[in-house]
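Okay, so chain A shows up in both of these, paired with chain B first and chain C after.
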Partner chain A sequence: MDNNKIPSSKTKLKSLVNSKGFSAFTAALLAIFLGLIFGFIVMLAASPSNSVAGFGTVLTGGLKRIGDVFYFATPILMTGLAVGFAFKMGLFNIGASGQYTMGMFFAIYAGFMWKLPPGIHWIVCVIAGMTGGMLWGFIPGIFKALLNVNEVITSIMFNYIGMYLVDMLIQRNATMYISSKTRTQYLPASAQLPGLGIPHSSVNISFIIAICIAAILFIVLNKTTFGYELKATGYNKYAATYAGMNGKRNIILTMVIAGAMAGLGGAFNILAPSTISGSSMTYEPINVIAANGFNGIAVALLGNNSPIGIIFSALFISHIQRGGTLASLFGYKPEIIDVVIAVIIYFSAFAMLMNQGVVKFLKKRRNRNAEVNKIKQNLKGEA
Partner chain B sequence: MEEYIIEMLNITKEFPGIMANDDITLRLKKGEIHALLGENGAGKSTLMSVLFGLYQTEKGEIRMNGKAVKINNPNDANAMGIGMVHQHFKLVEIFTVLENIILGVEPNKMGFLQKKKAGEKVLSLSKKYGLKVDPDAIIEKISVGMQQRVEILKMLYRENDILIFDEPTAVLTPHEIEELMEIMRGFAKEGKSILFITHKLNEIMAVADRCTVLCKGKCKGTVEIKNTTKEELSRMMVGRDVAFKVEKKESVPGEVILSVRNVTVASKTHSNNAVRNVSFDVRAGEIVCLAGIDGNGQTEFVSGLTGLERLSAGNITLCGKNITRQSIRSRSKAGLSHIPEDRHKHGLVLDYTLEENMVLQRYWEPEFQKSGFIKGPAIRKYSEMLIEQYDVRSGQGSVTVVRSMSGGNQQKAVIAREIDKEHKLLVAVQPTRGLDVGAIEYIHKQLIATRDAGKAVLLVSLELEEVMNVSDRILVMYEGEIAGEFDAKTTTVQELGLYMSGAKRNTAKEIQNG
Partner chain C sequence: MDTLFYLVQNTLPVAIPLLLVALGGMFSERSGIINIALEGIMMFGALFGCLFVYFIQRYSMNAQIVLLLAMLIAAASGLVYSLLLSFAAVNMKADQTITGTALNMLVPAAMLLFAKMYFNSDGITTDMDFYIKGVPGLQDIPLIGKLFFQNTYITVYIGILLLIISTVIFYKTRFGLRLRACGEHPQAADSVGINVYLMRYAGVSLSGILGGIGGFFYAVGVTDGNTNGHTGVAGFGFLAIAVMIFGQWKPVKILFAALFFAFLRTLAYSVSLIPFLDSLSINETFYKMLPYVATMVVLAFTSRKSRAPKAEGIPYDKGQR
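Now for the complex of A and B:
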């Protein structure tokens, strides 16, 4: 104990460098850096003459559309939380897409079918969306807790079940669906989220709500007994059982909360106000699983499953996506841009792997020191 | 012919800041049994790792038959005829004895296995040295003693002449230990040289010719066993006199705290019940020990008692309250503390800090949380108090990640947590496993202090010395049943051994009638 008592700037720096958060941060930066290099290589191969200018746009384009960056970050921030939060308990919630779709459906259902005064309507829609996501998280949770069915399998199945179910229900409902345009009607204005007043963008209050929710999850994870149990279960489920924690209840609760996050993501996305007055966001029931759910996995991995990390990783991925869209001005086909974005996200998702690598690399020396300390302590104990 | 087959001269191995081996010289004569004695962390493993080529030394050299050799990796060591029986056997559980012995050196003709030839060689070896094994038996079905013989045969099959035994007796019954000693003497007569790592002084006195003692990385000298005593060896090892007998007062058993009736627990690995119809009582102010060889149902019984597993039949009463169907948490609330067998699997969340682990059983109490929010300062204060009181050493105190702590201090943390928690019954399962003499002494004192505070203690132990020293009453478990009950003051190790190995056995009725 006494060999660490001398506080100095050097030890402070050391403890910062040695902290878990720091290695996660450096790993994320490294992953992003590699992703960008490979993205550049793809652009270079596709069209060498435009690659520098195009890549510059990918990197900085988002800054010109800061409102859009925030707007598109919101749903993936929420699905990222859905994946990351469950991951803290050792559950791999791959079903964020299904939960997201259900949340979206519940939100627009409340938007179209219920007549409520403005100011309250959108709040009800958001809550409805959250409920839909919760339901779709609850079912895999129940299966896992009571029957020990792997949550990966059930939640993948529920992605499909949710998507087909929602598409069917929307196509049948004449109030919501315009079959000639194969999309939903414009939502009533009272159901749309209040905007933040940034011109030419749909950014709205949900971005702020999402950040508040991330902060709340951070508090739940780190300051509550539920968070304590949840992380303990994630680290060592045997010890959690030994300590008398109610594993079944916690699994269900965690999946419900994760589902709520993804459901909110779906609601926030569909309830956003449109930049053209009189219109709104619409949904096309074309039997495609929501990409925002899977992007949530990348967001969570890049953010090291930490709610605060997820805020930044969602913003980064949204920023790259916006920049990528603008790069089409340099003659890049949208598909190439998609590939570049995919490459960057793909490498970013390696963050977790690299985290381990970086930790290993940094720890090699530290471990030796730790071992030495251990022996020293033993010697002291004997003396 | 050189007198010494292996000489490790002035071996110095330094890890940054610490001398793990400081100028150690060990000379192994041909045909001798040479004991290597030392506490945990004394440098025994480092020294053996050097001999096996796992570490390279800074100073010193290894000579074989007088010629300097360089051992760069374990394959070099094998090629020189150095073999080792590890403390934890390296066997493929679902393979047969024969398949395990030839693993890695399979005799073959054009890629086809020549099992018959190998089988003959194994049988002749087994006959020659009196190592009784059935070559076709599956490893997981045979006893631990038999498995050890397989490990020994592996070395013989590879024609190793230098045999290292790493704590070979820890898992054996007294009778099996006798047999092993006999086998080791046979090897020595054959001209094989044996390095025998242990911290059990009786065994050294019984079998070894010479003994090298390590203490804190330094060589304390090599002594001829016939010229020394147990006391002298222990002084050399620890650097002070160690009390072999744990000081304790006469126990004063009070009312019945734990009452177990006809408990049966199903086995996870085979179709029989692991625990069959076990009944006994534990009273306040006594230490009852559940003794037995590993794998006779102790683990399953404790799982049933603490709520980790369901009972298939029977009743458990704690302080007059039937807890048979209660959850783990409510058993804990009813006054059950549990020092688990595997501190890494059950006892600790290794990636949590020390203070987070200190409240693992109590975080939900009003003292440490208010409407679901954790009271950080209260936990810190409590943790500091336990660290102080139980002398738990760690790098950064309360905020140390437990994974980085030494085994002994991890165990101290578990013990502090379980003893300080309000309890009536303490279930301690192999609480001293893998710890050094100093830590063992400490833990034994804690168990007795708990008893003297009027708690009931149920100790599950595989170490006969611990069983004899610490407990007041001994129950021997064999094949899932209580084979006998003994008073610790009047029984002998030999008698316990007979019951532990199943040679003698009382029926349940005899036990109840005393």
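Now for the complex of A and C:
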């Protein structure tokens, strides 16, 4: 019977398994696995008796706090998009932290200084945050496109400049800043993001907006000319220029969009009402670079820079972060998760290669087994 | 005049870490590997250097000898840590920027974890005094004695010595020539029998050694012998990369670039001591921003005619021609 033309479920599965996305997925899994193993070894070294229970909490603790997982996933989902989108063009946007901080500042400024009716106020704040991020993404874009300055250096410098600038501006603003508490006041209720009404959780509308934005970016990347040009430039800058694509304009545009993503992340973070004290609604000028920007790098790499992948990797990172916080019940410090995340990124930088190695090894073994079987059968036939 | 003396005396201990780390970056990049992990390497060196000082301080040894020993420890630890980068970048052909970022993220987290577990604090605090009030014999030379041999650290002289050694290695030895060839055209270097992989390992390892020393010298000269997981080395690793670019990947130019940045930073942190700046009454955070803004301005003007090593950032593949 000739069934070559009808793709059976088996060949479908095979084409899925051989696709690029799938190998990226297994590579990410491999990196996660190695990172978690490393974390477990550290826990084992720190306190052997609690290590199994503690590690179990890291893995499953997030399930008990699923609302918090979504809540904390939103900002890193946005910074992940900021890093991943720029990566598609071959730009390393390490400046997501600065863009995120600017987004927070613009959002908080609009929240305190502008008096608007309740339904509109938070939307304006979100847009203000986006504008702040865009501005801070625009600068490295300009430096890269027109002055040939490496975007990595520019965005690192602007992380610091943004952080100091925001701290300075907030400390000087008497309306927002309470100097006795070294933080700003809490945002007025009209500027807060509306919740989703799920009991015992702080999850709010920003999570849904973030997912929608990821979907839009997916369409932009895969279905528009701009997205095509962007990816083409990422693959081969010279070929793209030769084909008549305007590289300079695309660099600036990409960085502006990336900045907008990170700025939205900052706005979502600071405007979200939370039952967890100190995590939002107020800004503390303490001269520290926002960690969520760097977590965005982890999220983007783990999600293979694809907007859809980034949604899942953001949820995963948020999940183990919650688990890490809960592991303190067993005497483990939550910093262990930062260590695990760093190790995951380290491995994910060459996970694809390792993955290929593993596949090659398995294939070799399978081939060898097949050969051995063949020889065995031949021998049997002779005997 | 006293203000000038004060500024110079305080600039030098800040300039030396920048100088050393930028030199390390230079070795790495001229061999063809972008080393963005310098920040992490610095912190790693600072951590182990300070740990060594912490454990040895009870034996009442001479402070300068302890400093030298701790420097060796920091150099060794920086070297070990940099191997993670060279392994990923040379053997695994990984993206160098991503690997570097991962290594940068790992150290602060690991340091906080370690310090919280064993010291119940955010970092390592030592109480050894490395400060030199004046160098005997030299401090009495008019002007120069006051500028360079009073109120300083031994790190300044070691730093200058390392600069001279680095320059000689870089320009006057066969090794230096080969290293530079690997950063410009590795295929050509390979074709005349130079082991590109080995050279790149050497370049990154040198940057690990210098980065580790630089990190420890930062802890000695800037944060008074302490190190902390939250503030780390305050972006000095990244500033050093900017210094290296500003110095056009050349040792002596890097020295002047490092002095320039260190001077700006010293100025920013001593505003209240300078009557002229104090009278302007500008927010001090503004001055803290200044070194970073200056970096950007400088880079904007120098990057157009940038002389970056041609092959940096590209994994060397023997099969590619």
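To be clear about the criterion, the second predicted complex is superposed on the first by the 315 of 383 C-alpha atoms of A that agree within 3 Å, B and C clash if a C-alpha of one lies under 4 Å from a C-alpha of the other, contacts with A are read in each partner's own complex, and residues count from 1 in each chain.
In this text, a residue touches a chain if its C-beta (ideal position, glycine included) is under 8 Å from a C-beta of that chain, and two chains touch if they have at least 3 such contacts.
Keep in mind that this is a model prediction, so the values were computed, not measured.
Of the two partner chains, chain B is the only one that A:T225 touches; chain C does not reach it. In the superposition on chain A, A:T241 makes contact with chain B only, not with chain C.
After overlaying the two complexes on the shared chain, residue contacts for A:V339 are found with chain C alone; chain B is out of touch.
Applying the stated contact rule after C-alpha superposition, one finds that A:I320 touches neither chain B nor chain C.
By the touch criterion stated above, A:I205 is placed in contact with neither chain B nor chain C.
Judged by the touch definition given at the top, the superposed model places A:F294 against chain C, while chain B stays out of reach. The intersection of chain A residues touching chain B with those touching chain C, taken from the two complexes, is empty. Contacts from chain B toward chain A in the complex involve residues 15-18, 20, 39-41, 216, 238-239, 306-308, 327-332, 338, 340, 345-352, 356, 360-361, 363-364, 369, 372-374, 376, 393-397, 404-406, 408-409, 436, 438-439.
Contact residues on chain A toward chain C in their complex (touch as defined above): 42, 46, 92, 94, 143, 147-150, 152-154, 156-158, 160-161, 164-165, 167-168, 171-172, 287-288, 294, 297-298, 301, 333, 335-336, 338-339, 341-343, 345-346, 348-350, 353-354.
Residue ranges of chain C in contact with chain A, taken from their complex: 36, 84, 88, 92-95, 97-99, 101-103, 105-106, 108-110, 112-113, 116-117, 229-230, 235, 238, 241-242, 245, 283, 285-286, 288-289, 292-293, 295-296, 299-300, 303-304, 306. Taken together, the chain A residues at the contact with chain B in this complex read 1, 3-4, 223-226, 228, 231-232, 235-236, 238-246, 368-382.
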